[in-house]
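Just below sit the structures, each encoded as structure tokens.
Both complexes below contain chain A, partnered by chain B and then by chain C.
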Partner chain A sequence: MNTVPLSVRLAQRGLDSVTLLVLPAVLCVIGLFVYPFLYGLVLSFAPKTGGILANYRKFFADPFLYDTIGTTLLIAVPATLLNTVVSIPVALRVRLMAKPRLLTTILVIPITLGTVLVAEGLLNYLGPRGWLNRALLEFGLSDHPVRLVHNYWGVFLSLVITGFPFTFLLTQSYVTGIDPSLEQAGAMLGARAPARFRRILLPLLIPGLTVTLCLSFVQAFSVFPSAVLLGAPAGPTRVISIAAYQAAFEQYDYSMASAIAMIMAAVQVLIVVALLAARGLVYRGPAGGGKG
Partner chain B sequence: MRRDEGILGRLWIWAVWALVGFFILNLLAMIASVVVNSFGTRWFNTWLPPGYTIRWYAQAWDEFQLPDILLVTFQVVGAVVIVSGLIGVPAAYAMARRDFPGKRAVMLLFLLPMLVPPITYGIPLATVLYQAGLAGTIWGVILANLVPTIPFVILIMIPFVEQIDPRVEAAARVFGAGLRQLFVRVLVPLLAPGILAALLLVLVRTIAMFELTFLTAGPTSQTLVVALYYAVFAAGVRPGQSIDAMAVVYMLTTLAWLLLALRFVNPAQIVTRAKT
Partner chain C sequence: MAIAAPDFRELRLDGVSRDFGVLNALRDVTLTVGRGEFIALLGPSGCGKSTALNCLAGLLPLTSGSIWLDDRRIDQLGPEARGFGMVFQNYALFPHMSVRRNVAFGLEMQGRPKAEIARRVDEAIQLVRLTAQADKLPGQISGGQQQRVAIARAIVVEPPLVLMDEPLSNLDAKLRLEMRTEIRRIHTMLGCSTIYVTHDQDEALSLADRIVVLRDGLVRQVGTPEELYARPSQPDVAEFMGYRNLLSTRAEAAGAGLVVRVSGAALAGTPVGEVWPGPAIVAIRPEDLTPSPDAPIAVTVDAAEYRGRDFYGLAHTGDGTELFFRSETRVVAGEALRLGASAARVLVYPA
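And now, the complex of A and B:
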């Protein structure tokens, strides 16, 4: 008997009954994620009227539609940059704390509560009669209530409230991955704090920061509830997800809605690819810093 | 090592902490303003409302049909937690223990739904579910919510499985345990802390998942967060205090589970997941 049974040969390649346990999960993700995405892509090329590219042509011909890309970028890019830049010094400080758990717990709260609740909270807090404006008037920092809701700043601040904890926790996980002895060695050789940051920590953090930037940007770019509730959804904060939602659920044009969703995904992919390429220009080396 | 910082260094440290303090102050004040408003009789040009009452809660309970919404929320969340556990844990076991052709592609398949934002894939997903006649029902909402949670359970569970000594499983096999017995008698008891952590996080994330539920829910399959969105969206129809009463109910439901979850996991895991 020279022939080895098929089941044994498959098992040698790692395929046996245990491997099959992965199948239900794979089928679920394919059925509920990959298939709808491909379906949407095909559907976007089958418009209600016109040729194959009619949806895309319509999108890029109508300023009411194509302006949403610029509007969204104008909100998402500054918020992402602010959150990421601020999270670096904070994460470096928190790294030296003995018990950072209370702080991280507080910061997890806005992420857990989600954008809808943050929008309702900020409507109260930042509104013309809210505590923030009351404090500004009381301390004489302003002689009239500052308008912070139902405009650009409402959406921007909601992206900071939910986005900063997110970028901070990501950055912190990369910062704690850096071996402290590297910085100690730098200090022993006479490097002061700014030099240690520039020459040791920052280069090691660049790969992690790129990932943080990508994830935070993608989240900020898909802002939806706060742009409707806290912003001016007809004008300055008409973001691309609002356009997609209106096409699907107000005009019932699923083909156009899919096309807008695909454009949204394409912009996200473009920015992420650009960020990863930029990292390649700035930094070449192992992808993980220190022990990570 | 950190004693070489001069006045500028100390000023810088002070500024960083001041910034963190300012952020937390605003965050807590934002939450407090919702709670205070929900208990206030009426609240105009003063720091605090002149009187307190709980009648807004009674009003919200009736007007927003909170009992129905809470029931739907717990049905959806319960189903999502159970199904993603039943599908995710065995898949994580297979991913941790076997090296098979195409494993990297499968891993990418599990990572994608967690990286792509829900609103981007939610619209095509809702379209497919509408054509299948499932959107607008509680089943559509459950299916949509499984998309991010199954990969989430898998990615959290893989390191937990890797911590188990394979010889324990080998011993169980030698004594004649089949795959089912191996899971029920050996793996689930050993993995219990990991499963508990993963499922609690799924629970918290599903209660707060707005986009997917919003895109797939009908009038009778709204969860609490979607009902809250509609209430804020139509603000002015009902008094702000009763919307805030509903917001407080939502906060309590979410934060109670979050506090429970934090007994088992590190807060950072909620964002960064387990290292893959």
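And now, the complex of A and C:
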């Protein structure tokens, strides 16, 4: 026989014994993500009463349930946009610093604290007896305590504080990927800072910013602890994850909870796909200025 | 919007220095560049030549000193206000813009009318012979073509001064020679001044009207290519300009009858600077050191290579001194020769 052995042909396609090293990861993904997801999907189509789609019908018939989508978007979208927009100038500034490590560390600390600790802290600081309101009253800037917790703003602020480090780290990695000589070339051609940003940096950042937006949005959309602790979980901050929690652990309707989780995932996927599709309309090549 | 720098008669660097912490990257550089001149900043890596260029461009602030365009002080202006053109070592083309839009960028920043931009961009692209590639992205064209886009982008705004930072170092040998001719052609055609940073002495010799040799942030010598080639003022400049035979010797007699000893053999030389009898340094180019039957230095050949037309070799004398030489006829390792050079091509420096 004159054929190439199967093992060689497989190796040429990137499959050899080293490929086996991905097995543990694959098993983890299957065991911890794929299986629960499929289990939940199937479960969502097996309601306590009614036909296959009964859970979904119930969700979209009851404003108390379907309104949670809007409520969550109303918190997650502005928080994501704010984090992303603010992270750009900060990352651009940090890039120019000789020793960016200290600032980066300070900015990243909230990520290590966890949502609950931040929520507890915010309750103390921003509450009616917290230092912020005391200071405002003391200096006569306000004649009554400003309400910043147990409402929309408490959840929003918490999402900004815990989400920003994550967004910043992503944006920073994209910003540092842009060859600094491109900006210098722009300056040599007479472009001032605003024109350099608009014409050179921003177009090169957009592909990365889209990914940053997607990941930050997914994180913000699944907000739960701060919506309960800092928000008004019965009203203005009744986010979709609270609806799922109540279905599962207050009504013991796991099937309904699965359906809500699936709807949550669908909304996230819809927005992520839309963002990535929009990205395809702009330049996506390398951000270097040299030979490719 | 930025305004193109007005035409100038001379550019003056006055005591320009730049420190990086404890390191002096550039020390007290004073230099005058005339309109239309092609100046090469030549030196080994780390000599401060790129620092000097970035200071001129406005990309690096000076630590002390000043830069003047005639009577106007420009060292406090940002790069966008100076109106100079710059060709970067890595070209720094905007990867998301086509060749045409890259070239148009500077004119757009000046707020020129659309029709004028289109016309001038077409002219510049034609000048660098890239008409067929005008609508491609930088990533889709070759290194040599990218290089030409970078040049077109820098010159389309007709800057009075063009700065080039080792623009040929990323190209292969053949392209490098082609682009060298091209750069000189464009310079002559536009009549702009060019300051060209390079570590390649051949490039500097063939392109420049004047060469500035830098070393450790100091200007070592300024001169025409002919001056630097034939008579470098310092031994270290000589070494950089291709005087590969750089030997410590003793000078005997002074002035016109100067004679140096190379491994015991007497060699007539030309003094550069004040040379007195005693320790001295002698510098000879390999191409000036040739074999002949009555030459003074007896050597044994170690190795020789054919470089087309001539052979270049390495030989050693009786006391082990190594000499690089040239021969018109074939020489082989182990052969005994006598080497010599004319007195005018044996440069003697005070030690």
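Note that the second predicted complex is superposed on the first by the 261 of 292 C-alpha atoms of A that agree within 3 Å, B and C clash if a C-alpha of one lies under 4 Å from a C-alpha of the other, contacts with A are read in each partner's own complex, and residues count from 1 in each chain.
One rule holds for everything that comes next: a residue touches a chain if its C-beta (ideal position, glycine included) is under 8 Å from a C-beta of that chain, and two chains touch if they have at least 3 such contacts.
Predicted model only: the values in this text are computed from it and were never measured.
Counting the residues of chain A that each partner touches, chain B and chain C differ, and the larger count belongs to B. Judged by the touch definition given at the top, the superposed model places A:273 against neither chain B nor chain C. In the superposed model, A:46 makes contact with neither chain B nor chain C. In the superposition on chain A, A:141 makes contact with neither chain B nor chain C.
Of the two partner chains placed around the shared chain by superposition, chain B and chain C are both touched by A:192. By the touch criterion defined above, A:184 reaches both chain B and chain C. When the two structures are aligned on the shared chain, A:36 is found in touch with chain B, with no touch to chain C. In the superposition on chain A, A:130 contacts chain B only, with no contact to chain C. Residue contacts after overlaying the shared chain place A:200 against chain C, while chain B stays out of touching range. In the superposition on chain A, the residues of chain A touched by chain B in one structure and by chain C in the other are 184, 187, 192, 292.
Taken together, the chain A residues at the contact with chain C in this complex read 179, 181-182, 184-192, 195, 199-200, 203-204, 283, 285-292. Per the touch definition, chain C reaches chain A in the complex via residues 1-2, 4, 57-59, 78-80, 83-86, 88, 90-96, 105-106, 109-110, 137-139, 143, 146, 153-154, 157, 170. Residue ranges on chain B touching chain A, taken from their complex, read 1-2, 4-5, 9, 12-13, 16-17, 19-20, 23-24, 26-31, 33-34, 37, 44-45, 47, 87-88, 90-91, 93-95, 97-101, 103, 106, 109-110, 112-113, 115-121, 123-128, 130, 143-144, 146-147, 150-151, 154, 179, 204, 208-211, 214-215, 225, 228-229, 232-233, 235, 240, 243-244, 247, 250-251, 254-255, 258, 262, 266-268, 270-272, 275.
By the touch rule above, chain A contacts chain B in their complex via residues 13-22, 24-26, 28-30, 32-37, 39-41, 43, 86, 89-90, 93, 96, 101, 103-125, 129-132, 134, 161, 164-166, 169-170, 172-173, 183-184, 187, 192-193, 215, 218-219, 221-222, 224-225, 228-229, 241, 244-245, 248, 254, 257-258, 260-261, 264-265, 268, 292.
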